[in-house]
Amino acid sequence: GEVATPAAGHHRVAVVLSVGGLGDRSFNDMAHAGLMDAQREFGVVVAYGEPAAMSEDERYLDFYAEQGFDLVFAVGFFMASSLERVAARHPDTRFAIIDAVVDAPNVASLVFREHEGSYLVGALAARKSKSGIVGIVKGLDVPLLMRFEHGYRQGFDAERAHLGLPPGTVLSMVAGSFADPVRGKELTRVLTQQGVDVVFQAAGQTGNGVIAGAKEAGIFAIGVDANQNHERPGTVLTSMVKRVDVALREACRALVEGRFEPGVHAFGVADGGVGWALDEYNRPLVSAADEARLREIERRIASGALKVEALPAGDAE
Amino acid sequence: MSAPLDLVDATLREATPLLLATLGGVLSERSGVINLGLESYLLAGAFGAAAGTLFTGSLVLGAAIGLAAALVVALLHALVCTRTRADHVVAGVALNLLIDAATIAALVSIYHTKGASPPLGDALMERLAAAKILGHAPITWLALGAVPLVAWTLARTKPGLRLRAVGENPACAESLGVSAVRVRVLAVLAAGLLTGLGGVYLALDVGSFSKHMAGGRGYLALACVVIGKWRPWTAAGAALGFALLTALANQLQVVTHVPDEIPRMLPYVVTLVVLSGIVGRARPPAALGEPLGG
Amino acid sequence: MSAPLDLVDATLREATPLLLATLGGVLSERSGVINLGLESYLLAGAFGAAAGTLFTGSLVLGAAIGLAAALVVALLHALVCTRTRADHVVAGVALNLLIDAATIAALVSIYHTKGASPPLGDALMERLAAAKILGHAPITWLALGAVPLVAWTLARTKPGLRLRAVGENPACAESLGVSAVRVRVLAVLAAGLLTGLGGVYLALDVGSFSKHMAGGRGYLALACVVIGKWRPWTAAGAALGFALLTALANQLQVVTHVPDEIPRMLPYVVTLVVLSGIVGRARPPAALGEPLGG
Amino acid sequence: MSGLEVRGVTKTFGQTHALEDVSFRVARGEIVGLIGENGAGKTTLLRIVSGFLRPDAGDVLVDGSAVRLRGPRDAASVGVGMVHQHFLLIPELTVAENVVLGREPGRGALFDRGAAAREVRACAARFGLDVDPTARVGDLGVAAQQRVELLKVLVRGARYLLLDEPTGLLPPMAVRDLFALVRRLASEGCGVVLVTHRLREVFAVCGRATVLRRGRVSGERDVAASDEAGLAHLMIGDDLASPPATGRGGPCGAPLLRVASLTVAGRGGRAAVDAASLTVHAGEIVGLAGVAGSGQRELLEALSGVRSAVAGTVALCGVSLLPMDVAARRAAGIAYVPEDRLHDGLVSALTVSENLVLGAAPDRGFASRGWLVRERVHREGEQAVAAHDVRPADADAPCASLSGGNQQKVLLARELRSRPKVLLAAEPARGLDLLATAAVHARLRDLADAGGGVLFAGTDLPELLDVCDRVLVMFAGGIAGEVRPGRDAEERIGLLMTGGGPRP
């Protein structure tokens, strides 16, 4: 990537994107957007790099640390092991990692409380489902994605109870791949046959197929990570967004304001790090009552009045 | 809603791209060209169909562009495998990796995104839904119809006889005035057409192109060719068998809770076991993989 | 930091796993077994090394476990390809897809994680750094040393002669009392050992295992075998050439801003072009891919 | 003027002058023998005339006008057809498909299988050839496959038929049938060229003989006015006045190899070898005759250990061989020259030296602790090349670059250099010229004279009777009888081969 010339008095921030680089309409693009926000709002000097292979991650991190950047971001879970070593080699540089936890004195770990966002979309699913049966399609059967499912279930169950409806059903499917939309669509068909009328996807590109399948069956889909509302207006009910840009921008703000702290920072509903997306694309699907109710739940989560469990009791990550 | 009928429908949908690629593989391999490139034809067909439909706004034109893209890739493959002495195995693998990267590069340059093309509009999706025949896409019926067609072409037509002859002994065919290069190029182009149609199905089924979309179906198709002993009917049977397996695994997931690694690994375990069990008369075409003109 | 020296270092790092897999490929293919399974040996070696080191806390034991894992996969591959009449191409592909899924399944079941094993601790990484010789991992020097070793084994030893004979004409070797099955199994196991060492390097270099970690290096190694005309020195040359290309592309990316798909496509374009250009005396072993005992 | 003629044809392969200024003709209705040593250029000449090769210089004329042959198809269109020494057939296809390929009957793209079968059946009937158009070619025997090759040429209306060593693989009856067909074709106005190494065949059917020697025509003779010695002289020149005599051995010694009730499984549940018993004594060359497919091949393979036996006993000097694998049998003193030298005998990509030491027992001294000692391997090669007159005399040349005859010499050298007690040899002189054949026969006799035994399987009866002390005849997997050289020996063998005569 581009190396900025240092300007006196300005903080210098670098971002090492995860493999794949810009253009993924997801983590990398959001990280880039957050960096641009920080440049605009706080005047930080920025640089970013796109490693061609995972084996290059470490060299990119080292490179920016050696160039004297004040804060170096590692975007994505996969860089945890590289960052662990780089952080040890450059104790005077501050680092931050998105979506993973690295336990080091100079690293801030920026993670998301996906279960909170999933709770919100689960509640909306309960309000929109006529059959009382909703589904979720996951890319892989892993604990990380369990948080999505568990939050979704809690929101769904609680909202049905709130509406005075009998308990409903949440069906869960696993695609086994994040890159097989054809399979995603097929699994959605299977769910539809079971009477599912709202399906939440946490499955990357496989999710494109979930949305397509929902469209075909005339049911609702819920997007994930980035705002996918525009993908199929009328079908995508909402998206459970993980605001990587917010996390990155807020870390930059802390740096500029001199209150950057290492350790784990979990972004949730309270700070806008996760949430549900409402825009012109899904506005027709969400009634004023729905919106009001979700805003209320948001407030209760943000205030701590409502606690959302990350994992079912007994499951550890 | 009857479960067995659901299973049949799901199997047919799973089978469509696999069946087409398998038949393409049969034609290509019977002519003597080891076809590891099927995955790239699927990808090219899918990308071409998505981009073509988005660009022209017409499903027919989009499908045609998908087929054309697959044919271009197949032509490149055919030329490398027939006009040069290149190793078919490595050529096929290199082609797959190349086209995989190329479709991503094209996504970036056209749509400025790395994951998936924009989805087809609602009007197009409705037209697709309206085009269904007995609940299935026309391509599914084409795929089923292609099985007897390919079998009959191989057994009962002059091009079919020549194709088999070239796959067994190109020197002999040449000595009787049959151009082995021409026959193989045409066979690979036919594979490109069939498999490309499978790719078109993938893209239109989902309503967009996304990277790595073929998901190993080209490789699985080659396994079907070999498990089916290079014969159209039996290879198609293998493809339907794998499709049924996948459909079953999908349906079972809702009911019980099978860990998803098992169904994912299943086709390959089945492939290895079945391959190992094939004995006796399972003989590949004698000149399979043999370069021409040495 | 002098740039040319950096480039040499980067090339050596890139070359290490590729070189080892290429040499394994040469041994396997010269004995008559088409080796599309190299990718799976790399994966098995890498997973075994990461998991083994994490479990035992010892680098040496971890590496040994990585090698053992690769050997088990190679043994399975060897048995399928020699004791049955299985098609080598499909067997290799199925094995790769199977082991890829299996390593992910193992990651999930042991570490409950999506993409990568936990990283090795600092103490281990420091020991690794301390073990470097002239700035490179011992495995890098082993890989370089393996080139003349493999060349010499093939040309100058009795097992080497027998291996070549079986690759060319197993029936003849059998009639002289040389067991073709035994020779091929041993050749594939040797390929598993070499390539598994390449996998160990991948895991220890990064300090953890992550899914799809082999990243197509096994396929590229097979391309090197063919481009190098099945000879150890030339195949190793091809591997070094690809490593240099990759290192160059990586270095250029820091300076300029090329989208990463272009360098990603480069090796495969080069492969296709070079393959097409190989003419005349590039002859694969005569019995390559031929099942035994038919 | 009607006839097929080549004028001043020259062809070189690299350094090799295969043909130099060769002129040759065959008239319609004439049968011409084309003879010469190995490598004389006979095959090359036929391949040029049939369009498989293009000459460097010279012309091919058909019925008086020069033709340009860009491929076999052009040759076929002017009526020239060739039957190759190694058949150019597709085993997986049917007889009819093989015959009509390239000119299939049927409307448009349709292939009319019925019409193809009818066409082939009609043509076969016209020439009295016995074939089933719907049979798979791979299931046919050698003689039937040759009939398919002939049909390919005849269906295309060939007026000139080129036959390259057509009798090499055929049993005697099939040779007789072939010659009857050739005579009939000639009487119908077809010109035939017959390449053979067997002079008596030239005398049997040819009117004229053209002799090639090192790429040049060394003479042309009216067969009626010549004798074998004269033709042999034209082929070999003054290189050797007379071929070395292969004298019959003295009285034979103790039994070396005893085979009792040996049974070997064959295809389709039938026994390929059915309770065969035989003995080979020290100092003896025992012939093994039989129609191809009567079990000779399987018998030798079972003795060498390549194939396993179902029942029976095999003992070498009293030691049972059946429990031993190939390597152990070789160590015990069995050597084996397989029938198909290219497929089973040699690794053509390896050098002469490497082939010589391949599989050799470790005590032979090429290897210490598994490492090959290069100098010793090389010296071994040099010695063998010199001792067996392998040409070119290059121990480091790959075997693929040797002519068929020279490959056979290398194979024999390898099998003899371990000084075996018993040599199992299938067609050890197939495709060899006069001199080389005589040399092979002499080697077999040397081995016998030194106290070894030879089991010599072959289809050329005169050769067997000339070389062997006695000839065992196989029929349908069993030993049908034994014949000693003498009057009527050939007839008696012929009878036993076809299932006639009393079983012993």
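Every chain is named by a letter (A, B, C and D) in the order it is written, and numbering of its residues begins at 1.
The rule we apply is simple: contacts are C-beta pairs under 8 Å (C-beta built on N, C-alpha and C of every residue); 3 or more make two chains touch, one makes a residue touch a chain.
Predicted, not measured: the structure shown is a model, and the values here were computed from it.
Chemist: Per the contact rule at the top, check every chain pair and give me the one with the most C-beta pairs in contact.
Modeler: By contact count, the leading interface is B-C.
Chemist: From the mean C-alpha coordinate of subunit C to that of subunit D, what's the distance rounded to whole Å?
Modeler: Centre separation, subunit C to subunit D: 45 Å.
Chemist: If you average the CA atoms of subunit A and of subunit C, how many Å lie between those two points?
Modeler: That pair's centroid distance is 37 Å.
Chemist: Just give me the whole-number Å value for how far the CA centre of subunit B lies from that of subunit D.
Modeler: Those two chain centres are 46 Å apart.
Chemist: Please compute the C-alpha centroid of subunit A, do the same for subunit D, then give the distance between them in whole Å.
Modeler: So the centre of subunit A lies 77 Å away from the centre of subunit D.
Chemist: If you look at subunit B, which of its residues touch at least two other chains?
Modeler: In subunit B, 108, 259, 261, 264 touch at least two other chains.
Chemist: Could you list the positions in subunit A whose residues touch two or more of the other chains?
Modeler: Touching at least two other chains: 21, 140-141, 176.
Chemist: Make each chain a node and each touching pair an edge, then name the shape: line, ring, star, complete, other.
Modeler: other
Chemist: Identify every two-chain combination in which the chains touch.
Modeler: By the stated definition, chains touch in these pairs: A-B, A-C, B-C, B-D, C-D.
Chemist: What residues on subunit D touch subunit C, complex-wise?
Modeler: 304-306, 325-330, 336, 338, 343-350, 354, 357-359, 362, 366-367, 370-372, 374
Chemist: Please give the residue numbers of subunit B that touch subunit A in the complex, ascending.
Modeler: 1, 6, 10, 13-14, 17, 107-108, 112-116, 118-119, 122, 125, 129, 202, 205-208, 210-213, 215, 247, 250-251, 253-254, 259-261, 263-264
Chemist: Which subunit A residues qualify as touching subunit B in the complex?
Modeler: 20-26, 140-141, 171, 173-177, 179-187, 189-191, 193-194, 204-205, 208-209, 211-212, 215-216, 231-232, 234
Chemist: Which part of subunit B faces subunit D closely enough to touch in the complex?
Modeler: 156-162, 164-165, 168-169, 171-178, 285-286
Chemist: Where on subunit B does subunit C make contact in their complex?
Modeler: These residues of subunit B touch subunit C: 34, 36, 76, 80, 83-87, 89-91, 93-95, 97-98, 101-102, 104-105, 108, 216, 219, 222-223, 226-227, 259, 261, 264-265, 267-269, 271-272, 275-280, 282-284, 289, 294.
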